[in-house]
Amino acid sequence: MPYVNIKVTREGTAPGATATTAEQKAALIKGVSELLLDVMGKPLNSTFVVIEEVEMENWGVGGVPTPEYRKRLREQERQGK
Amino acid sequence: MPYVNIKVTREGTAPGATATTAEQKAALIKGVSELLLDVMGKPLNSTFVVIEEVEMENWGVGGVPTPEYRKRLREQERQGK
Amino acid sequence: MPYVNIKVTREGTAPGATATTAEQKAALIKGVSELLLDVMGKPLNSTFVVIEEVEMENWGVGGVPTPEYRKRLREQERQGK
Amino acid sequence: MPYVNIKVTREGTAPGATATTAEQKAALIKGVSELLLDVMGKPLNSTFVVIEEVEMENWGVGGVPTPEYRKRLREQERQGK
Amino acid sequence: MPYVNIKVTREGTAPGATATTAEQKAALIKGVSELLLDVMGKPLNSTFVVIEEVEMENWGVGGVPTPEYRKRLREQERQGK
Amino acid sequence: MPYVNIKVTREGTAPGATATTAEQKAALIKGVSELLLDVMGKPLNSTFVVIEEVEMENWGVGGVPTPEYRKRLREQERQGK
């Protein structure tokens, strides 16, 4: 009876998308459920998967919100670091 | 100091509703808080209850999103399985 | 397909117990599952309940760990506050 | 590699705001990340912070939703309790 | 920057094991991280996976703790249902 | 009524410790609670903090369990990368 919670930032990662698409969600659900079946023998019917999308400004890393973090990374790359 | 997190799919289960109603939320909060008082002696004031509604396509079971899962169940029932 | 997560401090609340007892856990599971059936029509089989016990020193309230918080409450009571 | 999840009710606590502001979120992310660095030596880059805002009627305390709970507190104060 | 939380009951699903094995945990971590890379382009380094094992008596389904639930399922099967 | 959940790997980060110490836990609880007071005006008494320690092999990053991930980082550093 596994329970899997997947949190991702709300943003488009597929062409033209501004959020996780229904196809991507279905692929995550299928992939995780089959993984638990393959690795631990958990029947597909007994696995719950809950996907939560989190606004970019609500997700922090490196001590700053994600948009600021990525901006810094890009600047570091530009400076050859 | 219990903390209770309840996750449900966002859909109407009361007549005419398209989401969990305020009355249902209040009933869940009351019921869970009183349960913790009855079973474990936890004062009502010390229990937090957080209800989260999850979009149907973000909740997976049986390896597929909930709408697809329910569709399959209905088809199985129709076929007398 | 509700998912309910109940977090409580690890301590005895039944006579002679030093942790939540199996009977208390079963009562919480039964009570929460029936609540979701009564309030929202969720079938018992579709509700997962996960109970997690948290060490007293890992749970904070009032800016301090629970044992310290309770000690302060008792002192306030003794001083007639 | 700490992971911190902060849940607050969705309401304005800054002047004129109706929800947590971007500045407040950035301050929470900065503060928590620096706390984990100071107390446990965790590098800023290895800490994830996820802030979730919960509708007032979805958050229960004292056996009732938050708006009802606060109304009761105000009434108790008015009555000199 | 995905965060994935996997909760399973603490029990052996590999031959001779009484809990999830280190190999199974590594396979879950690898599988989920690669899934997020494949489906959403998330770099492996930016995905956190946290596996939590929950005692059988702390996990409820069907309104009862897991051991009782499975006992009922076995009895139903024996009775040809 | 904020709720804060802090997950860290179970390991010693203070001299001689093999897990998060009681002092570190108290410092995290105090720091987070005061942060929510400073940034959002949340009273100390209304903030719950729950600290969870996760076994190293249960925490994955970079597609592998934490011990393996750190070993790789050390090897990369040794090779001047």
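Couple of notes before you dig in:
A, B, C, D, E and F are the chain letters, set down in written order, and residue numbers restart from 1 in every chain.
Following the convention adopted for this analysis, a residue touches a chain if its C-beta (ideal position, glycine included) is under 8 Å from a C-beta of that chain, and two chains touch if they have at least 3 such contacts.
The structure presented is a predicted model; accordingly, all values stated were derived computationally and were not measured.
For A-E, the equivalent interface within D-F, D-E or C-F is the one where over half of the contact pairs agree by residue number, namely D-F. The chain with its Cα centroid farthest from the Cα centroid of chain E is D.
The most distant chain from chain C is A, comparing centres defined as mean Cα coordinates.
Distance from the chain A centre to the chain D centre is 23 Å, each centre being the mean of its Cα atoms.
Note: centroid distance chain B to chain C, computed from Cα atoms, is 19 Å. Counting partner chains per residue, chain C shows two or more touched chains at residues 1, 3, 7, 28, 32, 48, 50, 59, 61. Taken as a contact graph, with one node per protein chain and an edge wherever two chains touch, the assembly fits none of the named shapes, being neither a line, a ring, a star nor a complete graph. Two chains count as a pair here when they touch; such pairs are A-B, A-C, A-D, A-E, B-C, B-D, B-F, C-E, C-F, D-E, D-F, E-F. Listing the residues of chain E that touch chain A in their complex gives 1-9, 13-14, 20, 24, 27-28, 31-32, 35-36, 38-42, 59, 61, 66.
Contact residues on chain E toward chain F in their complex (touch as defined above): 22, 25-26, 28-30, 32-34, 44-45, 47-53.
Within the complex formed with chain F, the residues of chain C that make contact are 7, 54, 57-65, 68. For chain C in complex with chain A, the residues that touch the partner chain are 1, 3, 48, 50.
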